[in-house]
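To keep things clear, I will list the structure first and then write my remarks on it.
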Amino acid sequence: MYIHHHTCISPQQTFEHADVETLHESADNKLKAKEPVYKGIPPGILRRMGKAVRMGIGAALPVIKQQSLIDGIIIGTANGGMEDCIKFLNQIIDYEEGMLTPGNFVQSTPNAIAAQMGLLNKNKGYNITHVHRGLAFENALLDAMMMIKENPGNNYLLGAVDEISAYNYNIDLLDGCFKKEIIVNKNLYDTVSAGTIAGEGAAMFVVNDNAENAVATIKAIQTIHTKDEMEVSRVLQQFIQQTLPDNEKVDMLLTGENGDARLLKYYTEVESLFDEYTTIARFKHMCGEYPTASSVALWLVCNRHQWPAHMIKKQCKNSTVRNIIIYNNYRGLQHAFMHIVKYKC
Amino acid sequence: MEKEQLKQQLKQQIVQFLNLTSVKPEDIKDDEPLFGEGLGLDSIDSIELIVLLSREYGITIQDPKEGRKILVDINTMADYIAEHKTK
Amino acid sequence: MSRVFVTGMGIISAIGDTVAKNREALINKQCGIAGLTLFHTKYTGLRPCGEIKVETHELKNKLRAHEKGITRSSLLALHAFKEAIADATLSANQLSSRHTALIGASTVGGMCLTDELYNDANKSENGSEYLSSYDCASVDLYLQSRYSMSGVINTINTACSSSSNAIMYGARLLKNGLAKRVIAGGTDSLAKFTINGFNALHILSPEKCTPFDRDRKGLNLGEAAAFLVLEKEEDIAGKKIYAELTGYGNSNDAFHPSSLSDKGDGPFLCMQKALQKAQLPASAISFINAHGTATENNDAVESQAMIRLFGTPPPFASTKANTGHTLGAAGAVEAVFGVLNLYYQEIYPGLHFSNAIEATGLKPETIYRQGSLQHVMSNSFGFGGNCTSLIFSKI
């Protein structure tokens, strides 16, 4: 599967005039997305959109405007419009199930993002929303790979969105997902405590089976559910054996390390599979932790830039980064590997 | 409350309630249709406006179809509110 | 690409907690929609629902599911899942194999726990045991861990068509060689969230719903879970085979966030795509289990779309008058019913119908009868214009 367009709204300058060299700082353990001015969304529609829908549509806008370009929409989001969801819930309790406004209810369903894209693009093709928490984007990606195999020549809009709302931050904080002490993202990997920092964003890709002018190709993806780091390591070795040609090596391992001391064992185990040939890089200090954060990793691979020093954990000597493995892990249970080949810019 | 004052208040409430970020209350004309052309509201907005009438004026409308007769423009809404409000 | 067969089914709904009991109820025109007795809401007595009359703690005891943080949605799912895997005689080893996928669907997930969620979202201490149980994925993550599943695990939410899409995704995994067997379905339990949401949209009926009736007053919500075991042709020698999944189509109506277009492009296109996938002419369809929610919008549009595609539509009915609208479970529930139509060569009557919609004159089936059924279509349309149609065929 080949990637052509790629856009990203994240806590860093990734949407317009991308500059990933400068690292924007987190506040209160949250990395909030730098939302652009959404010029292309009709105000009558924009007014109803919660942040997740807005970011998703905003990131997809450059593509959505070109109606003929896409044949279907495949989105991964763990929570969709969480803010609207809890706003509606709060109405239920606060007004004691009295007269409630339905707007929040309609916007809160996770499929509202893909649906709104379909609406704006007048796209009556395949439209689906995967919500499998930390593997929502990976399942969307697998879906897109199947669609392309089944429908040669078609283009699909593949993307991922999740938002920080005060409410899900609160729930996840109570659940021990975030650090109790306030840190800043540039020090994320220096901390030794449990928990990480929260993030949000949207990344969109146009994918098809056409190699011409592609920025990258996704060779393979695999997902597993396990708490055993040795199992993760074993499956990754098999994965690499199957997907990587014999005479090639992994140039870069891009991991979802997130500063949570409880999850370090997975990353340590995975990194130990690679020798000095492979550069090891990280991305969660840029986007924070959220269930579909791996979509930002994929965008970083597609984007034309030098790898900024703040991403590099271990630099190797090879000059070209072609074969990339992304390893991400959500809460020590949901793991995903992607093998991507990046083409020369 | 004077009718004009009620209309001004209603316009502000509509803008706020429906999050009409690109519309100023004073831009809404009294006889401008709320739905379709004019303000361009839709069926979900009509339900939201029925909730507005309930929360702000204590007016209960059970049947959304009846609502459509009241929610024509600012004039019809203000007339109905003046006659039926309970708070 | 391999052919895909249904080798096991499980269901729990307001009309029974096994496939056999659901079939009996359908034959006997049993309606599971009634006043709420277990679930507490202000709308008890005002909005009848298809409630499963088993308390959550009873389900926990029956299923021996006493882990922390298990929600009613997960329990219903587990109930249906267990029946389906037993029906398909899947072993523990097969379940935990890398070649076994689980594709679930839900729209409510753990949000059935409205009060707990309210507290956990708004208060700064004393989190409940449900902190990681609110999302839709929590259901399938529970099943994954209970059965140590290691194949592809996924959760889909496309509102009311969620579990039809789960079945479609499962079939595609098989055809693409990404799994040898798939357990696909969905679950949803009654929740203040959905009762108030649909009520705020003024589409909940104060009476038992009357699909395709001229004077229909809206839908009744229900709760259910259903799973189907799908396997490939080459792996099913000697097994019981219910039906073949021959067609599926997914399309978006691209019209409005919560209602369907008058012309019904989404419904029309998904049915058309399903026929194309099955390589069947419209005339080959013997029966349609319609989406038929009994809202003014859905039944009018679905009727128009059926007329557009079929000219004279084949016999059809909606089982939502039996079970209520079970949202994320509805596609799988009705897939089970469609498979039963084929396996037993019988049509279940639609309930509560009196007069046809004037514009279309279409009348659903209202009498139980046996007949020769070759291909059954099952429709599901959701908010956001997400429309999916499945076709099952007789072996």
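Brief remarks follow.
Every chain is named by a letter (A, B and C) in the order it is written, and numbering of its residues begins at 1.
In this section, contacts are C-beta pairs under 8 Å (C-beta built on N, C-alpha and C of every residue); 3 or more make two chains touch, one makes a residue touch a chain.
Given the structure is predicted, the values throughout are model-derived calculations rather than measurements.
In this assembly, B is the chain whose CA centroid lies farthest from the centroid of subunit A. Of all chain pairs in this entry, the one linked by the most C-beta contacts is A-C.
Centroids of subunit B and subunit C (each the mean of its C-alpha atoms) stand 39 Å apart. We define each chain's centre as the mean of its Cα atoms; on that basis subunit A and subunit C are separated by 30 Å.
Across the assembly, subunit C contributes 200-201, 256-258 as residues in contact with two or more other chains. Each of residues 44, 47, 51 in subunit B touches at least two other chains. For subunit A, the set of residues that touch two or more other chains comprises 98-102, 106.
Subunit A contributes residues 73, 78-80, 85-86, 88-93, 96-102, 105-107, 109-112, 114-116, 118-119, 121-133, 135-136, 139, 142-143, 146, 149-150, 167-168, 170-172, 174-175, 223-226, 331, 333 to its touches with subunit C in the complex. Taken together, the subunit C residues at the contact with subunit A in this complex read 41-43, 107, 111, 114-115, 117-118, 120-125, 127, 131-132, 134-138, 140-141, 144-145, 149-150, 152-159, 165, 169, 172-173, 175-176, 178, 192-193, 196-197, 199-201, 250-258, 265-266, 269, 382-386.
By the touch rule above, subunit B contacts subunit C in their complex via residues 42-44, 47, 51, 64.
Of all residues in subunit B, those touching subunit A in their complex are 17-22, 40, 44, 47-48, 50-51, 54-55, 60.
Those residues of subunit A that touch subunit B in the shared complex are 43-44, 46-48, 98-103, 106.
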